[in-house]
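The two complexes that follow have subunit A in common; it is paired with subunit B in the first and with subunit C in the second.
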Partner chain A sequence: MNQDYINIALADDDEDDRLFFTDAFDELKIQTRVTTYNDGVYLMDYLNSEDALLPNVLFLDLNMPRKTGMECLKEIKANPKFNDIAIAIYSTSASEEDIENTFIQGANIYIKKPDSFKKLKKALAEVVTINWQYHTSGLNKDNFLLRL
Partner chain B sequence: MKVFVKFDFNAVCAKILSEKLDELDVKYKILGFGEVEFLEKLSSQKYDTFVQSLDNYHIEIVENQKSILVQKIKDTIVDMVFNEDANINVKTSAYLADALGHSYGYLSNLFSEVTYTSIENFIILQKIEYTKQLIIEGNLSLTEIAFKLNYSSVAHLSTQFKNTTGITPSAFQRIIAKRRAIQKK
Partner chain C sequence: MPLRTLYRASWFVKASFIICFFVIFFVAGVTYKNMSDLSESSELVEHRYEIGIQLEMAMSYLKDAETGQRGFIITKDSVYLDPYFSGRENINNSLAALKQLLQDNPTQKKSLRELTELIDERLANFQEAQRFLVQKNNDIESPKFIPIFSKGKVLMDEIRQKIKEMTDLESLQLHEKQKEYKNNLKLTPIFLYIIILLTLVIMVIAYRKIMNDVRMFKIKNEQLELFRESANLSEIISKHGRWKWDIEDDSFEFSDNLYRLLGEEPHSFPPTVENFLKYVHPDDVEKVAEQVTQMREEKDLPFIFYRVVHKNGNIRHLKAYGRTVTNKWGKQNLLGTTTDITDEIANFKALEERNIELERNNRELSAFNHVASHDLQEPLRKIQTFLSRLEEKEEENLSATGVKYMSRIKNAATRMRLLIDDLLQFSRTNKADKIFEISDINVLFEEAMEDLAEKIHEKEATIHADSFPKMYVIPFQIQQLFINLVGNSLKYKAEDRAPKITINYEKVSAEGESLLSKTSHENYHKITYKDNGIGFDNEFAEKIFILFHRLHNRNEYSGTGIGLSICKKIVQNHRGYIFASGEEGVGATFTIYLPIT
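Up next, the complex of A and B:
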């Protein structure tokens, strides 16, 4: 490992959600750098730019204007350049159909947006810790599925 | 046509390592657990070549004593989980302490400090990963997998799988199958 921090990105059109998200990482033991994008178009523009620093874990809101999380997911999975990014869906939806569909399309993690800041911190800590084990212990990322 | 391949990571890595070491043309001994002893002095030039040649395989030289010990703990655990012949009658804590020559308390604290998870959780994660691999290979039923991995019952394995991943073993199997079907298109 040349880096001892994890790069995290979030695309979400809700400003409050972005703020809570960034704050939640400040208190984790694992060092992280968090970048947020206001919607799917901004996110994909950045990822497709030539000198983009790709995140280790990317959180996608499903319902975003202009480009939805699902559209981003499909684009990302279609491009081998993004193979190393672990994708987490971060959504208010808890429909079994949504959840299973995103997994089938290649998402690694599905988090239903928690209803308290405390729970959010706990969920994000779990995601980052497990992702870290995949990252540092050579586990097979294709089999990485986690639902919180 | 599709086939599944099974890797023996230790064997693969040992092979790469010995190939790269042979290229260096120095005397060495591979001690196991990813430890290499050079029996003669290594020029810094050769050392750099060595580091670079391993870098292609994402193998890196661990320089920190703590990381080395943590890596040994991980290797020992992986060996225990994947190797059925490993002594299953010994408690994990005793086995680790014995194999690595440190008290379990020390190993456990060090492990948590470096990896952000506990030895217990790491063992569970390894077992669940192995379960996933066996599910995908499709030769064993979940009951047989539970038996193979020393779970007291298939219910125990299912519960642990669900607690660790948030989904059931059958949902996992279904998702992976559908994912494959999409990728084929």
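Up next, the complex of A and C:
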């Protein structure tokens, strides 16, 4: 495992959002390797494949066809193999219900997709540089939703 | 009044008749006694005359004997002696009769004995004189004869005296007796007359009483008839039927309308359980029969519901209830009512269906609202993100007009974002999860002010709020209410002065509040919110709460027209009331009433 760069994955059915996502990381001065998947099924197929390179941080869109972000979250949390993956929910909605449910299911952080590129870069930079060890152990609902 | 009560009493007639019966019985007794007294009295008179006659007869026989002897003395003819010979026997007959007649009277009996002795002596004197006359050849001049003759005269006088005595005594006794009877007879007719009159009076009163009672019965009967008629009518109107079950005789009575409930003419079949069960829906027969059996045992019937089938095939739903009633004499009747509830059931079903439909519509609307605003966010966000990229990377390549257009697009997008956010919030206010808790309103207010801290600071607003008591509310909605109200005041602040907001609290009763009418609760929390902003014309006091309704041009103020609608929605969710009033250029006042539960 090469520890020089952070392995990032995103599952999102929206092409524009994937573009913003990769563009943002391109512009950020952080050593990352970004992989994107078009929906939950593609993502889980990859993660479950034998030679999969597990991401350090996984960004999950909630509203996807075939397999939703919530279903992916449950599958990942049910499998001890994926224990080390930090999961960031990356959704348009920030409804109380979604936040509550994903928190209960064990997601690590919740990001509401921002409405400007500048804010997006800021948010992603913050998430990727979080000390996950510290963040996870807190299990605090107050800082679950990322505030920008 | 006591007399009146006496007259009213039901035993009055009975008592009157008993009194009359005894009075007549008594009068009959008295009359009988009088009659027997009268006949006794006449017998007594007859008795007295008999005695008188016998005494007179005895005297007359003695006189005849005397006269005969004297005739013989003068004529010496023995023919004159006949009365003297027969006199002896006749006198004895009279004396025997007298003895019989006077046997009950000791005084007279004694007198009779003395009389008999005197008569015997006189007869002996006759014999002595006769013997002398025969022996001395009728020598009446002889000195021996004179004393004999004289003795005869003395004895005659004594006898006459005795008879007179006896007659007098008899007369006296008769007289006394008759006087007594006369007295009796004089009193009784008046007494009887009065008593019979009294009886007549009692009978007249009793008759009047009977007639009066009969009249009252008639009136009561008429009233009962009317009542029965109105009961029948009300049964028809309210689709009720009555029935009575005499538990001892196991007999039923059905009211007219009960037959109609079964789709039959009144009294078209004998009222029995068997006949009734013929009309019950086959699926319900078993249940109803069971209830009837239970009714026999427990003598009380819970509400039962069943269906009946009319001859024409119509199915009606009935509800029945019954209860045992025991009368004064311990006779038990089970009284029951049966109601046709078909229409109610139909109404209830229709209402239920409409409710379900309404709920479905509401859910759909809410889902639509949520999805629409949610799904609208996505393309908008992308427009904004692309705009930000364009601004960052390509601005220098654009002309001045291009930059201006881009800025306009940005403004439009921002405004759309605002609208969508507010709409989302409005739909969230509508959502079902209204969880009420006892909340510290002061804390909710503080949190709301923290949310707005930046804007409050920026506009240099001063806010004063009273201390609130704990209330039973949906906490996040009350917090939202404060955010929207204060946000509104900051947005519509007057140009020339810093915003100043006061919030007053008061506990009030609904009666004392002119704004409240037809309220569901008695007491309310009254929150009066006041600012010194641009205010509004009171004409718009109600329109201000309408969704998307704005009083100002978008260029002047950035509102969406949703904020106050949300406030109203929140207050309605709490079953409260919100009123607005304002003065243009001076400020606005919002009065909120939340019920105290």
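Rule of thumb we're sticking to: the second predicted complex is superposed on the first by the 128 of 148 C-alpha atoms of A that agree within 3 Å, B and C clash if a C-alpha of one lies under 4 Å from a C-alpha of the other, contacts with A are read in each partner's own complex, and residues count from 1 in each chain.
As a working rule, a residue touches a chain if its C-beta (ideal position, glycine included) is under 8 Å from a C-beta of that chain, and two chains touch if they have at least 3 such contacts.
Keep in mind that what you see is a predicted model, and the values were worked out from it rather than measured.
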* Asked: Does subunit B (first) or subunit C (second) touch A:D14, or do both, or does neither?
  -> second
* Mind working out whether A:N38 is in touch with subunit B, subunit C, both or neither, as first, second, both or neither? => neither
* Once the structures are superposed on A, label A:I30 by its partner contacts, choosing first (subunit B), second (subunit C), both or neither. => first
* Asked: With both structures placed on chain A, which of the two partners, subunit B or subunit C, ends up touching more residues of subunit A?
  -> B
* Please work out whether A:T22 is in contact with subunit B alone, subunit C alone, both, or neither, and reply first, second, both or neither. => neither
* To do: Mind working out whether A:S93 is in touch with subunit B, subunit C, both or neither, as first, second, both or neither?
  => second
* Touch check for A:T68: first (subunit B), second (subunit C), both, or neither? -> neither
* **Touching both subunit B and subunit C, residues of subunit A** => none
* Asked: Hey, which residues of subunit A end up touching subunit C in the complex?
  -> 14, 16-17, 20, 23, 92-93, 95, 113-118, 120
* Structure fact -> Listed in rising order, the residues of subunit C that touch subunit A in the complex are 374, 377-378, 380-382, 384-386, 388-389, 392, 417, 428
* **Residues on subunit B engaged by subunit A in the complex (per definition of touch)** => 9, 60, 74, 115-117, 122, 125, 129, 132-133, 136, 165-167, 171-172, 174-176, 178-179, 182
* Structure fact -> The subunit A residues in contact with subunit B across the complex are 1, 29-30, 100, 103-106, 110, 129-130, 132-133, 136-140, 143, 145-148
